[in-house]
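Same chain, two partners: chain A is paired with chain B first, then with chain C.
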Partner chain A sequence: MIRFILLQNRQGKTRLAKYYIPLEESEKHKVEYEVHRLVVNRDPKFTNFVEFRTHKVIYRRYAGLFFSLCVDITDNELAYLECIHLFVEILDHFFSNVCELDLVFNFHKVYLILDEFILAGELQETSKKAIIERMGELEKQE
Partner chain B sequence: MALSGMRGLSVFISDVRNCQNKEQERLRVDKELGNIRTRFKNEKGLTPYEKKKYVWKMLYIYMLGYDVDFGHMEAVSLISAPKYPEKQVGYIVTSCLLNENHDFLRLAINTVRNDIIGRNETFQCLALTLVGNIGGREFAESLAPDVQKLLLSSSCRPLVRKKAALCLLRLFRKNPDVVNVDGWSDQMAQLLDERDLGVLTSSMSLLVALVSNNHDTYWSCLPKCVKILERLARNQDIPQEYTYYGIPSPWLQVKTMRALQYFPTVEDPNTRRSLFEVLQRILMGTDVVKNVNKNNASHAVLFEALALVMHLDAEKEMMSQCVALLGKFIAVREPNIRYLGLENMTRMLMVTDVQDIIKRHQAQIITSLKDPDISIRRRALDLLYGMCDVSNAKDIVEELLQYLSSADFAMREELSLKIAILSEKFAPDLSWYVDVILQLIDKAGDFVSDDIWFRVVQFVTNNEDLQPYAALKAREYLDKPAVHETMVKVSAYILGEYSHLLARRPGCNPKEIFSVMHEKLPSVSTPTVSILLSSYAKILMHTQPPDPELQSQIWAIFNKYGSCIDVELQQRAVEYIELSRKGAALMDILAEMPKFPERQSALIKKAENSEADTAEQSAMKLRAQQQNSNALVVTDQHPANGPSTVSQLSLVKVPAMSNVDGESPDPAVTEANGTLTVVDPPFEDLLGPMAIEGPPSATAEAEHIQASGLAGVPNAGEALAIAPVEDQMNTVQPIGNIAERFHALCLKDSGVLYEDPYIQIGIKAEWRAPHGRLVLFLGNKNTSPLVSVQALILPPAHLKLELSLVPETIPPRAQVQCPLEVVNLRPSRDVAVLDFSYKFSSHAVNVKLRLPALLNKFLQPIQVSGEEFFPQWRSLSGPPLKLQEVVRGVRPMPLLEMANLFNSYRLMVCPGLDPNPNNLVASTTFYSESTRAMLCLLRVETDPADRTQLRMTVASGDPTLTFELKEFIKEQLVSIPLVARPPAPVPPQPQPTIPPSPSATSDPGALLAGLL
Partner chain C sequence: MNPFSSGTRLRDMIRAIRACKTAAEERAVVRKECAAIRAAISENDQDYRHRNIAKLMFIHMLGYPTHFGQMECLKLIASPGFPEKRIGYLGLMLLLDERQEVLMLVTNSIKQDLNHTNQYIVGLALCALGNIGSAEMARDLAPEVERLLQFRDPNIRKKAALCSIRIIKKVPDLVENFMNPAASLLKEKHHGVLLTGVQLCTDLCKISSEALEYFRKKCTDSLVKVLKDLVNSPYAPEYDISGITDPFLHIRLLRFLRILGQGDADASDSMNDILAQVATKTESNKNAGNAILYECVATIMSIEDNGGLRVLAINILGRFLSNRDNNIRYVALNMLMRAITVDSQAVQRHRATILECVKDSDASIRKRALELVYLLVNESNAKPLTKELIEYLEVSDPEFKGDLTAKICSIIEKFSPEKIWYIDNMLKVLSEAGNYVKDEVWHALIVVITNASNLHGYSVRSLYRAVQTTGDQETLLRVAVWCIGEYGDMLINSAGMLNIEEPITVTESDAVDVIETTIKRHSSDLTTRAMCLVALLKLSSRFPSCSQRINDIIVHYKGSLVLELQQRAIEFSSIVDRHQNIRSALVERMPVLDEATYSGRRAGSVSAVASTSQAATLNLPNGVAKTAAAPLVDLLDLSSDDVPAPSSSGGDFLQDLLGVDLAPASSQSGINQTQKSGNDVLLDLLSIGTPPAQSSTAIPEILSSNQDNKSPINILEQLSSPSAPSGHVSSPANSPMVDLLDGFAPKPQKPEDNGTAYPSITAFESSSLRVTFNFSKQPGNPQITLIDALFENKTSNSCTNFIFQAAVPKFLQLHLDPASSTTLPASGNGSITQKLRITNSQHGKKSLVMRIRIAYKKDDKDALEEGQISNFPRGL
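Here is the complex of A and B:
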């Protein structure tokens, strides 16, 4: 199960944070700080997996952005690693050539997309087409 | 790209981005928060649009890391807005700002429920998403039935249903009872027929959670999962949008295989075959490709397949394929794959014994221990720890010790603990163990917990041979220029107890020992000083004839500490000086520590208890739990009832510090001690017995000493040492039910045959035609040896059994393997019995155990077609080659279960041969020296109206075989033990101490009667 998803830039600014477990605010800030420190200095030649407390963080870097998923230690690492990539592909498709600024100014859209992609800490939909079409439907209603 | 329609928000984001520094940013944010707060205060003037805008701003500020302690109410209230745009914001922001424990959320339950049961699909989706992401117990209780309805509804779009599936998963995690309602398992199975892969993906996650909790209920889902997996693996009818870099949804494949790992086994032969075909295809067909994403996705599937193969206990061939693959992976450069190779190899160790093959990779694994990436180093450490056994412990532990000096600080504590455990568990000899622990303390004293040095002291105390060696080593370490405080503690303790054993060696006379210890005193903390004082007192006592110079030196120290501000030290000093004036009585009071009672290693317990926090209990862990905690043979799959091991092993608790009370000549002082003595909790375990007297639990003894004024008392230490032994008499009871263990082993080839607090006997068997090779694993669970070990086989006439030599002594914590060769001479149902005995301290244990070398082990299932079957069946006409019997009193069971039972006894059920669906036809080949390979045919006709009776016909080319086989099957049908019985109330069988009567020993049958 995905415990939380973080999207942070190299400076540690959070661009998206979604928690599927109940955490207090102070704890969330601590987690964000620690995860950033954990991944930011890792060599690109290292694994994309790193232990974090009693869980593990699966992360991937795209330009200056780190996508981190915190999952159970028994979870399938590569499946979640590709889950990150699929999410990035969806964002890329939606924003046509996504960059950090898109995510900053449209953070609320990113939350919407994420809710179509992952729910209750589990994958909900893996079809890029289905998600993009769904976003189209929702935009019409606004 | 501008934000559609919400200029105010965009402007604010730009402003924040343009701030030059953190200070400016904070000012800008504070200003905005102030603004929002005032606007929220007179809510009436706010348009829904404005409210929405401010709530978004709040979320943005929150995301930047600022505390937002107001406005929650506004966000929640937007949920009940009538229009989509506001409602949407309400739902999203609420699920970001609040968690399930917030009171505000409770206010929204009704609105959320109305949206879920309402007609507006978009609202349904929003509500399901909120509940799925942050719903708590209360939501579970009030919403689960509604969500279940949506999931099953045929009128809802897949869009809603997939959300409902995951929402239900969340509710199930919060409260499992709300989902486990009657009939749900059938509906769950139907869900797996879903064509929409989005719904199927979500439903599969739900299934994983359900089966991890209770696989029994969801049996009907198993074949469906296999079908899904087949469909995906063959890429049949998978829409393009669900393939990822050419791979049919790797995520669904992974999830499906995950679900399958929670079923203990796949019994239906056809399903099993299809599953193995798919797995084989995945194992063989996954190549390394250039595209990173494709490669990752295909390897995600491959690693999950590996896990499933391991779980299913596949044939040897497939297992070796897996090990070969993993061997390849741990040597590649690609870090992710190498990491996963190491991780999965560690998992592989837990489920099967492929240790020997894995050991070949030891050098490669050690290279990874030096990898620059800490993630890889951790996996390598875990693997080395897991693969360590008696044969390679020396190499591995030395490698780890070497690595300790360069290891990251973050890893040192774990590393120390692991070194300590391995050296204890697998020490080829105890002096090596002492060496390792002392080296460990020397190299990484800061990371060595008290448990570790307590344990080495226990070992030394309990093993006389070890004492001079340990004392010598302790002496050597104290000579080093910089000595860690923990080293001072352990050395001082050991030298206090045993330095007199070294007296003749150079540099080891009492004075020298004392001075080398005393040098350390100025630089150590109070708890260590107290150990030093005790040691001085002991040295003084051991110095015979007394050395006046040493005496005055030590008394001076005691005098000095007699006025120490620390109560503990003061008390010790005062008492020691008083005691040392007692002359001869001192000898008794300061006598050597009695042996520690056997107890489970605190370290191992600690390692076992470290629990991972996962949403679903890991399949691996579930399996491991079913094995016994301290298992030396890790192959048992069925629940061995009750973890009673621990309580038996740790039956003697040594109270802390009450020692002083006993010796105190003055009752007033005793009272003061009782109230004043405060000890650091970690010392509780050892300091009790460490100070002057032995395990002081028996207060009677203490009173005795007091009463007789400390003179001429019978040796208190001795009396105490005997006490616990008497208590333990006749308490050696087997752990788990012996009969159940035997029955489990009749169906499988490895597991635990017998276990008690001191020994575990595991068994592992391989059968080839009329030959069998059993290996008995005799594991000593203690820190002292088991002696007078004897194993005698009482073979029935039809078996030739040869047991290799069983050693008389099993060293501490060692495991001895004794191969046993079996040849089946002719068909018979008789059972071989193992007469096993050993001694441990004062216990003499003798048990008689049935060996699982039964008739069915010499069967080999064979599938026959109709053309083969009927001519054979007809040619074996009538008795004695074909026997028929009506069996009554059969344990009623569905036909499918009976078929599974036959299959598990290696009688291959051939479906479709008998036109009557209430009948079963099975075939098998029996092997023995007299009959060679002989085909056996079986037909069972059941009566659907009365399941307790059936008619059975058995046919083979040998009359004895036909008869024996018929009887054997009958026995299984009439009194089949429930293998998966709830673990609770099986009374331990009073096994040992039944002296075998002379007539019984010669007749295994009679023996059995006694056993049952």
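Here is the complex of A and C:
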């Protein structure tokens, strides 16, 4: 199960944070700080996995943005790595060539996409097309 | 109206915040915005409510407090339109979590939305419930979610499936209700629904064994077929990831099969074919394919034994291990850890590769590999593996050395075939990474050395050599100093030379050099320096020719600003100077430390004290007297020109006399050992925190004669001179200290003030009665006060049925022993005594107070007297 999803830039500013477990606000800030510290200085050749407390963080860097998923120790790391990539592809498709600013100004949409992709810490949909279509329908509702 | 397209206020705010150059500027902008939002909230503004919450979410992401917006989210959710609800639910998920009471208020709105005719609104409600639903909500809303599992739109079905996972995790009793609808999801063709359905079934099986049985019987075959169809499916662009159709679904299915197959031969059997097919046919040149292979291997390892498949799986892991991609190597190591319980021989074949991974530059891989290597070690390969690891220790990253040394030391301790190998390898580790070694490790090394009587000379010579080459590892120096102190003579005369050793010439002054360099070394810490002083004391007797030089070094520390060192220096220098006759006996070699007791204690201490287990648990009974003990000044009656020894508490002193236990005073664990024999106490005195040996040497024997003598005796007092002026304060609270040097000196003086540091009081006095309290403290426990109460009759008639009662406030605990009698004779003819024990939990903060009641019969009449005692001496 995914414990939380973080999207941070190189300076450690959180662009998206989604927690599927209850955490105190102060604890969330601590987690975000620690995860950023863990991933930011790793060599690109290194594994995309770091142990974090009793869990594991699967992260991947896209330009200046780090996508980090915290998952259980027994979860399939490679699958979650693929999952991050799929999410990025969806964002890229939705915003057509996504950049950090898109995510800043449309953060609420990013959350909406995420809610169509992952729910209750589990993968909900694996088709990029289905999610983009669904987003179109939701936008029509506005 | 849409807050994000027309009114650009959210965009404006984000721009304004982004334009801020400093954190202070940003705070100002945020403060202004928050104030405006608060104002809007208090005006109950409806038009901009969702825009305000959107802004608040952004502010929340920046890390500012936003709790004041929580109720607004609830209002938005209750409003009719989709855009408002959308922002409301988003805010709810961001700003709240399941523990907030406010969440209860939203249950009803969610319930309505779950029954809404607009399926998009149903979707929003499911999403919120799935992400932050509490147990109460789960219970209340489970029927709705259960119904939605059969909803016509697949988007709702898949959301309902994942929502159900949260519900059954929160309320496991509901598993039964979800079993049937979940099973029907497995027949779906829609990938999203199938994926979430499989996940729901997996979680049901994890929670309930009943569900596991149900799905195993009903669904195993159909799942195998679903997986088979998926593997053989033609190209499906919508789900294709690098040539594989929906790897995520592959993985979910494999994982579910693993749970079904585990512990059930029939189920395992029915999935063998498809697992073999996945393992052989999946492309392994892309991450997606490898993810499937990895999951497949995990399933093969977990289900009931099938030799052929296991070989296949181990081969895949072997391929993974030699992959250039670090991620793949990482998961291979991870999986090999699990495989080792299944087939350790097969894993052993990859030992060389795994060992290479320990040296990888990536910390994640190193850590996995090191743990795996640790599991791989057995009697037959311990030697070469240890050698490899120690060689790597030389070049490894500083931050990895801690983990690495811990594992190496553990391997050495566990698998050492002979003592010389143990000592050799430990020395190598200490020379390489002595600063990373835990205290237990070097303590254990010393225990091993003392036990290997034929290797004493060898050890001390090896240590001497090691120190000559690498003199900057703290723990190496400590062990070396200790051994030179103990076996210095063997270093000089090359006693017990082994064939493999190269001869070495060391003079007495060379040996003293080592210790002098160590004690003067800038970075040596207190423990090391204290050990050096002990070693010097010992050498002063072993090397008479260096005695003067040694004394000079010791004298130098008489002025040390560190109390511990100063005290040791003063005491030792006095021994060196004035007590030549007893010195050699005093600094006898340590008795052999019993390994079994040591490791037993060590094991026991692990749970008691985490970090400083050694020092703390081995703290002596004496140690607990610390807080109460009155200062034992002038212990050695120093000549007047000397710096007076600052007071150290009595217990501490003996403990530290020759030991290195510099444990923090707070340790209370010593209490448990109070009942241990004095023998134990004294042996520990001379130890470095190691248990006593059974074989007694001169010192313990002398001391053991005093075992039962629990009264505090002035330590070493006689050393100074029998006629020492008694400017000597003996603490009544001293623990069972036994005179260390009793055997060598005249009979000790009895301490003059045995246990009456506190004046007696007349606790109560009336026309007919007088009650006097005498106080004493229990050794080693300042909180406990012992009171001897003395009742006297002032009248000429005797009292019968005499009963004394007392009450104390809550912070005190009172224990009354039976009185000596119930009859109080007439005046002058006798008295009653009774013992009281009071434990003051607020010792040092509050003083004692007591209410008493005395009932008795005099002249056939009942009499009752009451009173309060508040004139207790301070500090009880």
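Note that the second predicted complex is superposed on the first by the 142 of 142 C-alpha atoms of A that agree within 3 Å, B and C clash if a C-alpha of one lies under 4 Å from a C-alpha of the other, contacts with A are read in each partner's own complex, and residues count from 1 in each chain.
Criterion: contacts are C-beta pairs under 8 Å (C-beta built on N, C-alpha and C of every residue); 3 or more make two chains touch, one makes a residue touch a chain.
Note that the coordinates shown come from a computational prediction; the quantities given were computed from them, not determined experimentally.
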Determine, under the contact definition given at the top, whether A:Cys83 touches first (chain B), second (chain C), both, or neither. both
I'd like to know which partner A:Asp72 touches here: chain B for first, chain C for second, both or neither. first
Just chain B (first), just chain C (second), both, or neither: which does A:Asp102 touch? first
If we overlay the two complexes on their shared chain A, which of chain B and chain C does A:Glu27 touch? Say first, second, both or neither. neither
Which partner, chain B or chain C, touches the larger number of chain A residues? B
Tell me which partner A:His55 touches in the superposition: chain B (first), chain C (second), both or neither. first
Dual-contact residues of chain A (chain B, chain C) 14-20, 22-23, 25, 29, 42-43, 45-51, 76-79, 81-83, 86, 104-105, 107-108, 111-112, 115, 119-120, 122-130, 134, 138, 141-142
Given the complex, residues on chain B that touch chain A span 1-5, 10, 13, 17, 56, 59-60, 63-65, 67, 84-85, 88-89, 92, 96, 99-101, 122, 128-129, 132-134, 136, 159, 162-163, 166-167, 169-170, 173, 197-198, 201-202, 205, 239, 241-242, 244, 249-252, 254-255, 258, 293, 296-297, 299-300, 303-304, 335-336, 338-340, 372-376, 378, 612-616, 618-621
Using the touch definition up top, name the residues of chain A that touch chain B in the complex. 1, 13-20, 22-25, 29, 32, 42-43, 45-51, 54-55, 72-79, 81-83, 85-86, 95, 101-102, 104-108, 111-112, 115, 119-130, 134, 138-139, 141-142
Spell out the residues on chain C that touch chain A in their complex, using ranges where they run on. 2, 4-5, 11, 14, 18, 54, 57-58, 61, 63, 65, 82-83, 86-87, 90, 93-94, 97-99, 118, 120, 126-127, 130-132, 155, 158-159, 162-163, 165-166, 191-192, 195-196, 199, 238-239, 241, 246-249, 251-252, 255, 287-288, 290-291, 294-295, 298, 326-331, 334, 361-365, 367
Going by the contact rule at the top, pick out the chain A residues touching chain C in the complex. 14-20, 22-23, 25, 29, 42-43, 45-51, 76-79, 81-83, 86, 104-105, 107-108, 111-112, 115, 119-120, 122-130, 134, 137-138, 141-142
